[in-house]
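First chain A sits with chain B, and in the next complex the same chain sits with chain C.
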Partner chain A sequence: MSRGKVNPWLWVAGIVLLATLIALPFGLSFSQREVAVLLVINVLLVSSYRLMTLTGEWSLGHVVIMGVGAYASALFSKRLGVPVPISMLLGAVTAGAVAALLSFPLFRMKGFYFLIGSFAAGEVIRLIWKYFTNPFGGPKGLKLIPGFPDIGPISFFEPLPYYYLCLIVVGMSLFFLYRIERSRIGLTFHAIHWQDKLAESVGVNTFSYRMLAFVLASTFAGLCGALYVHYIGTINPNRFDVEEMVFVLIWAIVGGTATFYGPILGVVVLTVINEVILRALGFDTARPMIYGFILIASVLFLPNGLESLVPKLQAWRTSRRTAPEGTPASEEKA
Partner chain B sequence: MSDLILQTIVNAVYAASYMSLIAVGLVLIFGVMGVINFAHGELYMAGAYVVVALYAESGMPFLVAVVLGLVFVGLLGLLMEISLFRPLRDNPLGGLIASIGFLLILQTTAVLGFGVRMAHIPPPTQEKIELLNGVVLTHQRLLVIIASVALLSLLYLFLHRTKYGWAMRACAQDREAAALQGISLSQVSRLAMFIGAGLAGVAGALTAPLVSPTPYMGHSVIVTAFIIIIVGGIGQLEGAIVAAILYAFVHTFVTTFFDGVIADITGLLLMLMVLVIKPTGLFGAKDRV
Partner chain C sequence: MKNLLARTRLDRRDFLSASAAAMSVAATGVVPKVAFGAEKTVKIGFLAPLTGAVAAWGKPGLDGCQIWADWVNDAGGIKVGDDSYKVEFISYDNEYDPGKARAGAAKLIKEDGVKFIMMLGGDTWPGVQPIAENEGMLVSTLLPSDLTPNTKTLIAPCEVHPIYNVTGVEWLAANKPDAKKAVICAQDDALGKPSVATYLAAFEAAGIEVVDDPLFFDPATTDFAPVMTRLLSTNPDILCLDTCYADYVHPLCEQAFQQGFKGTIISCTADFYPKIVEKTSKEFMEGFIFQFPDFDDPALNQPGVNFPKPNEFYAEYAKRYGEAEWGAVSWEYASIMDLWADAAGKAGSVEPADVLKAMKEGGTGKHAFGDAKWWGTELFGIDNALVGNWPVVVIENGKAVIKEFRSIPDWWDKHKDLMVKHMTALGQMWNQRG
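And now, the complex of A and B:
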């Protein structure tokens, strides 16, 4: 099959997926709609995190960077009266700028040291929010943050319209992230991950590419924060602590980071299990424990993440189809 | 003023002693097994709750409860090694995630068993020593200091004078080379997990009457422990002790003379500075960046 031709089944799958996403909230209760909004935001958060991990560096500061976007957007709109859609973009830019500043100390480190260094930098930022009541609101954070402005009769105070807004913004961002990964820049990120010395020897400036990955990932994380804060309307420093970061790490690792869809699979599956199934079963205080068992089971039995199930499933389907009919199922791989 | 400084020094010595117990345990686990035990703070919490259950609720003598706390949490560590870290030996990131899973399980168990509120523990002793006019050291804190020094000395003797100690240090230096010498990695890992977890547990048990345990107390402890092992150099036991003392003094003094949040920021900046200037830590080897 030539490269240009797209498998028609992929189109069908795409349209079905899109239709499901649009129809989804109508089958949900009010609180589940709220979960859906947050889930869409988290999909972008974990996907932007994956862009960062392409260069091989695992950060523990990603959620704090998301918080930078949230705080910046909230302050721009609340204190300076900037219209919310513009303040959201400014929030994202601020997160990217903070990441650019942080890259100078942080990218002196690699691997485990970077992990801990990014954690420390994030905690410092968080403690600054906690300490300075003006303008950050101290430990209590910021309240009464203006929401997204109404467009005609549509009020974005309701979860349903905000879900669609997030869907559009996140969809566009994901497309952007996907294109970056498939571009020359993305290939360079991969090269730095697997062979940083070799990449350097052929003239790649590894520092600036690491910085680029970090800044791009942080910009999108900042956008997540902005989307979050204008929906929830209130933030405090504890919302962005290391436990939230651990969740992002878990989504990425349980989903698997080798493919673009791996982390998305992780966040969707785990959120559905945690918020829908376990809540419906009525385990309330015991929920974290069951979550813990699921985590352990997934790293023990699915070490390459949920994404490793997809090729297995494909292979299984192919073998089932080829065995009785005897025709090669080449259209399975597009 | 000099009284205040002296009192702060006494407080810092107390903080340094139990923090070094926790940090040394974490370093031991990381050094031998190469895995970052995120549940270390919850092992500390488990130790504290053993004292809640046995001493505060069942009326056992305090010291017996502390010893049982060490053994119980050591066994928890053994359980982690056998069920999680051994199957994931070649997958350090997986070990990290599995330890987060274990952390959630321990935390929820504490919530289900004891509730989310602070547990109240009657102090085993109210006596105190007055060192100078106004400078006070309670017996409870003195006990923590003495026990920490004794346990760390025992650990030092164990690591340097016994066959198992040598094997453990060999694994910390180079696991494959150690295995080639006929050292059983599984056996050494079990031992390291038992000792490392037990030290965290005994720290929790000893300090339980002073801190009022909650199921979520592990969080701040693990952050502190991370700072200490980075400043001291990952995998360096002596480094961890020196860093614990350094951190405890800096943190206690800044808390006393400024406030707690500034002290936290100072500690983190100290760690960032060490990471930027000498990423292997103050006592780290040169080539392991």
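And now, the complex of A and C:
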């Protein structure tokens, strides 16, 4: 297919997906809508994390950076009286700015050292939140943080309007992330991942591009934090500890990071299993064990992530369509 | 018979279809959880961590509530007005996460129709607060540091954490007068800090010197050897473990044992202490002071203790879940239910506002360890904490024994200035939080 032409089936699939996402809350219970809000935010979180991994660096500080956006947005609105929509943007910008500062020490490292360095940097930030009760609230954090302002009769305290708000913000952000990946910048990220020395030899400033990926990913992570904090209304340093980061890694690994949709599949499937199905089946206390079992099974049987199922499914459908007469596939079709 | 079996045998397709149907029915919640015929049922929410690092202060409480519900329901339910109500607990694991606590509160209130929610509180309460206030839901917490003048429907009717810790220190000072130097450690979180302030006040009131600054370690700490080395470097007589979670108390004790500590250990809790005794020794753990008794203790049968049939409750708990699973909160949520049921009976209603009014009528209430008063304005900005006597528990020959019940209000009347001073210094007064 030539560049610029889009498969019409993709348009249909996109419209169906959009309609499903719009209609989804009406098929959910009230508490499931609450879960849906957090899920939509986490979709952006894990997608922004993937942008970071495009350059080949895996960070353990992404959730802390989300916290930077959350704290910044909370403080701008609570202490300085900045309107919440603006404070959300400022929170995202602050997270990006902090990432830019961290880039200088962190990108002196690569691979495993970068991973550990990002963990250490995240812990320093968390300790700052704990140590300075003013303005960060110390270990207990901040509470009674203003929510997104009502628009006429629409109260964003309720999960339904907030779901749609998040859907719009996250949808726009995902589009932006997708376009970045498909641009020359995104191709350069990939080049740095696979052949950084070669990229340098043709004049690519790898530090700048790594920094750009880190700052962009952090800005969107900060936006996630801002969306979270103005919905939940409270924040504390433990919310952004390494245990939460492990969940982001799990979503990315189980979903796969080779495609744009891989981590999204991971977060959606695992959240639905953990928060909806297992709870509904009454496995409240057994959930960590079952969750662990699912992880082990997925690593064993789907080492390339859930995303690896999609081409297999497509190949299967193609083989069904093109199977010659008399073969089992064509008989099944008939 | 063989033919019958052959006729009714499921093939793989039938089995999968039937399983899938059963799973989807269960998943959509169509299956009734408990059926009590035509009798009325009141649902109570249990919103606490049932998994994760803080599960020790949630799961044993739910287990205790199940015993409470079985006993009450077997006896015909609770009498409210002209009706008898069976009690059904609906639990939701909030994983000690405010976002999940909010989702849980929404489910319990809007979908399950509970009339009362019991929580551990702490980090999770701010996530629940707006929805509870909007819905006028009565909520209990074990952590009164959640209380503020605005939390009108939040009560701390059982555990006035950490104020009761003063009774342990008072007992220690009276019974081990030679112990004069103490050190304190705590995890750096919302539970650790107010508890440190309380121990500092209690030690000062008892004339015990705290020889080093309290050591706050990160909740993610897993290696406690350096923590203990630093604590023992000043050669203290008393090692105070503050309100550390069970996951910290156990390794801290092991480290103290391995590093040769010979003094007295005092701690808010010693959940699953038989496992600590196993890992150390009976001799090492002899004289360990904490605040949460085993309910097989005969001292709980003395007049004035309001918890009904404590020894039988403990025996049933040990039978169902194992003696080693008994923890600080195993009885607490059940004792809150006693108070709630009593208030619902008085109010003639299970509606939250009516129950709260009846509960606080006269300014006193029947706390598990004796009659107590609703208190807290000076510390929390609201009189929604029920405070009275609290037991001092000491491990003797590998077993927890209640040594004495001491009055928290009496200590408060004498030393409240010290408490306010230390709480203020650590930023823990209600008007300093968040």
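Simple rule for what comes next: the second predicted complex is superposed on the first by the 322 of 334 C-alpha atoms of A that agree within 3 Å, B and C clash if a C-alpha of one lies under 4 Å from a C-alpha of the other, contacts with A are read in each partner's own complex, and residues count from 1 in each chain.
Everything that follows uses one rule, which is that contacts are C-beta pairs under 8 Å (C-beta built on N, C-alpha and C of every residue); 3 or more make two chains touch, one makes a residue touch a chain.
Not measured: the values here are computed from a predicted model.
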Clash or fit, chain B versus chain C on superposed chain A: clash
First, second, both or neither for A:Lys130, with chain B first and chain C second: both
First, second, both or neither for A:Leu142, with chain B first and chain C second: second
Touching partner for A:Leu38 - first (chain B), second (chain C), both, neither: second
Touched partner set for A:Gly67, first chain B, second chain C, both or neither: neither
Touching partner for A:Val242 - first (chain B), second (chain C), both, neither: both
First (chain B), second (chain C), both or neither touched by A:Pro25: neither
Chain B versus chain C as contact partner of A:Gly266, first or second or both or neither: neither
Which of chain B and chain C A:Phe157 touches, first, second, both or neither: second
First, second, both or neither for A:Ala280, with chain B first and chain C second: second
Superposition clash, chain B versus chain C, among 42-50, 60-68, 168-176 or 204-212: 204-212
Residues on chain A lying within both footprints (that of chain B and that of chain C): 123, 127, 130, 242-243, 285, 287-288
In the complex, chain B residues that touch chain A: 36, 38, 84, 87-88, 91, 93-94, 97-98, 100-105, 107-109, 111-112, 219, 223, 226-227, 230, 234, 261-262, 264-265, 268-269, 271-272, 275-276, 279, 289
Residue numbers on chain A that touch chain B, as the complex places them: 58, 105, 108-110, 112-113, 116-117, 119-121, 123-124, 127-128, 130-131, 242-243, 246, 249-250, 253-254, 285-289, 291-296, 299-300, 303
Of chain C, residues touching chain A in the complex: 23, 26-29, 50-52, 55, 59, 91-93, 96-99, 102-104, 106-107, 110-111, 123, 126-127, 129-130, 134, 188-190, 192-193, 218-220, 427, 432-434
Touching residues (chain side chain A, partner chain C) in the complex: 29-31, 34-35, 38, 123, 127, 130, 133, 137-144, 157, 159, 228, 232-234, 236, 238-239, 241-243, 275-277, 279-282, 284-285, 287-288
